[in-house]
């Protein structure tokens, strides 16, 4: 049987959801039988492949590169999962949206006020979006997996349900935050 | 105390209630769950959150079960796809209305809104979230008022008015601009009517009013003691 | 000038890319490490109550949230003017050891060992933890279990493995350790100890095979900075800052961590969201210093636990004057720290004091400023807050462990690139070496993207006219 | 009403008080206008339900509702201040900030909107650098928006200092305001 | 005062009127005053004096005749000649020509016959006839005789019976049978009881109630007093918008006059019935017009609605039984008492009897205030009375029922105006606003405008309305700048249904109507914004088209 192609992506987030994925501990070994991790921060493939079955996307969309990346991912993925609170709601990443001119204000604080030498905004880096967005404001999301981070058990449950061809039901199981 | 003399049908089950009961009370007494948020037993029913709406046979409108009294032979449906859809939508709207960032909230884990989201499977908000920033009032030595998390259920206002009897709090402005106000829009510490009793923090269903430096899981008693409720009923 | 871009760098914790610049004669001139994400914690915490900071800043990083919790809580302790009860401090330390174990295990087993065991030039699609599970199942399983051991300590203390923000609070911790959970952890320690010792032995047995890497992977003199306990032992939670020079001399000792701004400066380069801290007395950019396991072991002469001290003596042989220079040996240092942490966990749990129920001091008093410093797995972590009269944050600065090494990263990748990148053709294996040196540092880019982010990797090779002559995408 | 409402408070409160306009409250009781309000209150027999009427009277006298007036009414009627504040801010008609010397009220009723009132409003906002509902920096003009003044047949309508301009155009309104300044 | 005295006053007044051959009536309502009606009144008085016609010609003020688009207007009796756009300087000439020379000045004459021929004036029966500031005028046209009849010849039950038979329904918008409502209050045993006359007409573009109050305040007072007699109330409140200064002044004066004549107060017309009326001012809150919110407002609280039950008929003001009627409803009452319920029930349609006042505005040639019998079609109103859209433009839609009404397309114009038909079409009767929209207006923009209004006026008590409407608006905004998606339309519709079904009060329950009806009848226009990046009316500023990859 061909293994299910799974990808995990990490946008603007803290990696906690990926860590929670790894917190499945020895169950990862069982999973290795069923899935093939075709793209992930923990594997060495640099370009997002075509025809991915399931993609877990952690983090909010906060800069132009991520926006572009997410659109590519969407095109190449059958089932896109918003993985964790940042991807689902914006969470902490989106707290900067509460400021009027958020991009300027956050950059000013970090790269001018709090710096001793060569104060400047980094320019040769992806431009920040005016607001950080949860995924579904940018692309279509097929499944939401909230939590900060979602627990390893929940991830395991969802993944196994999907692998077995069922739609996982989150009612009463998940929790924001 | 009056007898349970009113017979009604809730979700196909025949139940008996006192004539003074509301649908919510009758359902609760019979172990039927109806979600609530602005309702707190012992305080005047408010009817604002609309989560407890039910269908009453013969009435084209949805009725809030916390305010509608029972009547004989009433047929009530508390749980239908339509109702649950509306409930989900309401929870979504509440989550989107202000910045509910559960992960960094004092109420995380003991928040009624969060719990409802879990129960009804509101795993995201289909409407975009607001990011308006409200000043947090931390002037009081013991309590904090964080408007960013307020859902305007007005439990705090009612408990302050009806139980403590002071009415320090009210709502200012209206519509989407409504927010809780202390005296004449004073910093809390400058309120001259506040008795610092803390009832408001005890009934807040979310993390909007809380005791400084304490997570809600340690401080909250969201339900009023039975004898208080009983006294209020009289 | 030519340019080679590795985008994204993989198997590190975050988003980054690398650009390698070549001269006209195809020799490597410089290499740069770019961090491409930014979140702005220092700004958006403004206006929030200071005691929300631990749980908020824990979200800078999902790998080492405990370190952030600690640094943040320590800053808050000062703002609240409390002295943490011994019981609370003990549990904070215990949790931190859990975190060091899991974080180091993550880097070594999940991220770096595919290079070490499968080879730098092995098939890229297999060169990961899943490949390892297949090829070296026992080894992979050991890594998983060691990480689990660490994570479980955190979970047993706080009820949650990641982002236990509600547990570590200003003034201490929220709940004491129960006897039952204490015993559960204690029962697992011998096994964990056995696993790490085995790993250390394996590593030492194979170390000869990595002569080349040791020689070329970021092997250069720098300053080393980190916390030491007041009696000069290895320390992760509290203590003084010690700076050791390239030749092993103590340049500065007993520095007050709360005065970090007197000796650490920060600079910005336009090509990275990650800032460049430097040792102020030397200046920018010459004040390069390294932090993290390697630096920590360089600045101490003793760890304070029997097994770890034994390993330390052996380890120091790889350097002179007690200073080990090769970045590659971060791996070695990391394993020793795991060993040390497990020993410490055992030591702490065997003492009944760990069950002390007085774990949190409470206070409403506010000071207007607080600085918390802790040794995160990746190095010295600094949180600095200012609050107004009511305790609302008005300003914040964070210097993240990973950031401290920023200057060193660039030096290290330049060194590796100079050694391996030649001519117009690139091979995957070459680029993997560039990444491997970064992995050795174990940068945590989610941390640095409080200030950064993403780490998969493409290398572009540009000629001196700026034309792309080759591009290598790792797949 | 001579007691200091802030007696026996913490030092912090003292500071807050100094920054607060209410601190002057006890001094203003001799204000003749307050006496006028008191008379109205008495005329209504101190009835709490006539709060709106009293706010109307106070606004007519003062031009707007200062906090000290609200507090005064609250104390006289024995209504909690927060309730008075809640009521005063609920209704659009009550103004809690001092309005500019010239009031320009735009009708944004359906008929006026359909006939282009919004464009005139934006033009005025741009030219005089005032947003709707706000007062210009020099305190000269305030722009108010109302929903229907009831002269829909003459839409769009703009009221400038009590003078109604029916079938208004951008030019007529701008000219009229310019002539005022 | 005794009932007979009313008759006497009427006779004296009649004689006084007959003493003058001519009667020049200057409309002094809010529609005409901004355009110089006061000065005009003065100019006519001066002209009459100057020409020495004081004994032949009486100059008087009067209420609105409805043709506000040609303000100010003057009516000259006999013959009820309507002069439009009269300026003070024309006064002398008009008096000279019309009164002295007996010649009608064609240049000033209002020529749109159809505007009046299709109307049927019951409520506004006295507008343009009497001087609203004189109670004697009202009495002279039969005013207060209904009250006298009710008090002297009828029991409260009989009054309620007649009202029930008449089939009169609430004119505030919901159309609840008035007789039934009175009956509920009458049956309630708690005391005291209250009557509230609702004059908080907040709909933008609607001014029927104001006109009524300005033109015929005593009709309201008389209707209210009869209602109070029928239900057994002792105290009445007229709740009026503060934005209607003239109506407030007029009503204040009318109440004083009625009091001095003993028509309200203690022992009215010599009976044992006591009833007092107090005027209460709103302060700019549309929601205060809602049946329960008005109670809160009168009690001096924030005008937030209360859940029903308990209904106001059982527990209203201060928890006491309260009858709340719209002033237009009340103004019908004297007629029903005088002529009998059966007579009234023959007007209009069988299910919807009587007439309804509408403010006809927007892109029509003859905007103004009209009163038409129930059952008249929208087409008749828009094209015959209103004269259709102005030259060169195309009719697009008609919005019936104020901001929370529905947008109906041309194909729906044959719809008869009655509560049921309108509701079925997605519109409502509301307080009677008809706004005509032509092809210059964008339908999305129009929907947004109404949502905007309801959002601003939402009291904020219940979640669907408070939090939902801003989201609806947000989506409409998005569509208007060309960033909308088809998914958004789905969300828009779902949200609208939520707000409609789950909101606490009428404001929320009807607020999404403009969106739902436009989505229903004008979906194409939405899709054109979304898919083609074009606004058919050319109104929206669509910045860019996002290429949606499929």
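Order of writing sets the chain letters: A, B, C, D and E. Residues in each chain are counted from 1.
The criterion applied here is as follows: a residue touches a chain if its C-beta (ideal position, glycine included) is under 8 Å from a C-beta of that chain, and two chains touch if they have at least 3 such contacts.
Remember, it's a predicted structure, so these values are computed and weren't measured experimentally.
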Number of steps on the shortest touching-chain route linking chain B and chain E: 1
Path length in steps (a step moves to a chain that is touched) from chain B to chain C: 1
Most central chain, Cα average position: B
Contact-richer chain pair [B-D vs A-C]: A-C
Label of the chain whose CA centroid is most distant from the centroid of chain C: E
Chain whose average C-alpha position is farthest from chain A's own: E
Distance from the mean Cα position of chain E to that of chain C, given in whole angstrom: 74
Chain centre separation in whole Å, for chain D relative to chain B (CA means): 33
Computed distance of Cα centres, chain C from chain A, in Å: 22
Chain centre separation in whole Å, for chain E relative to chain D (CA means): 27
Shared interface positions of chain E, touching two or more other chains: 285, 302, 456-457, 459
Contacts with two or more other chains, residues of chain B listed in rising order: 103-104, 108-109, 126, 128, 133, 139, 141, 170-171, 173-174
Residues of chain D whose C-beta touches two or more other chains: 12, 83, 86, 90
Parts of chain B lying in touch with chain D, wherever the complex brings them together: 139, 141, 161, 166-174, 181-187, 189-190, 192-193
Interface residues, chain C side, partner chain B - complex: 47-49, 51-52, 55-56, 59, 80, 163, 165-166, 169-171, 174, 362, 364, 390-392
Contact set on chain C toward chain A in their complex: 7-8, 10-15, 34-45, 56, 59-63, 65, 106, 110-111, 124-125, 127-130, 133-134, 137, 140-141, 144-145, 147-148, 151, 161-163, 265-273, 275-276, 278, 280, 284, 395-397, 432, 444, 446, 449, 451, 453-458, 473-475
In the complex, chain A residues that touch chain C: 10-20, 22-23, 25-26, 28-29, 32, 36-37, 39-47, 49, 62-63, 65-66, 91-93, 95-96, 98-99, 102, 105-111, 113-126, 128, 132, 148-149, 152
Interfacial residue positions of chain D with respect to chain B in the complex: 5-6, 9-10, 12-13, 16-17, 20, 22, 67, 70-71, 74, 80-86, 89-90
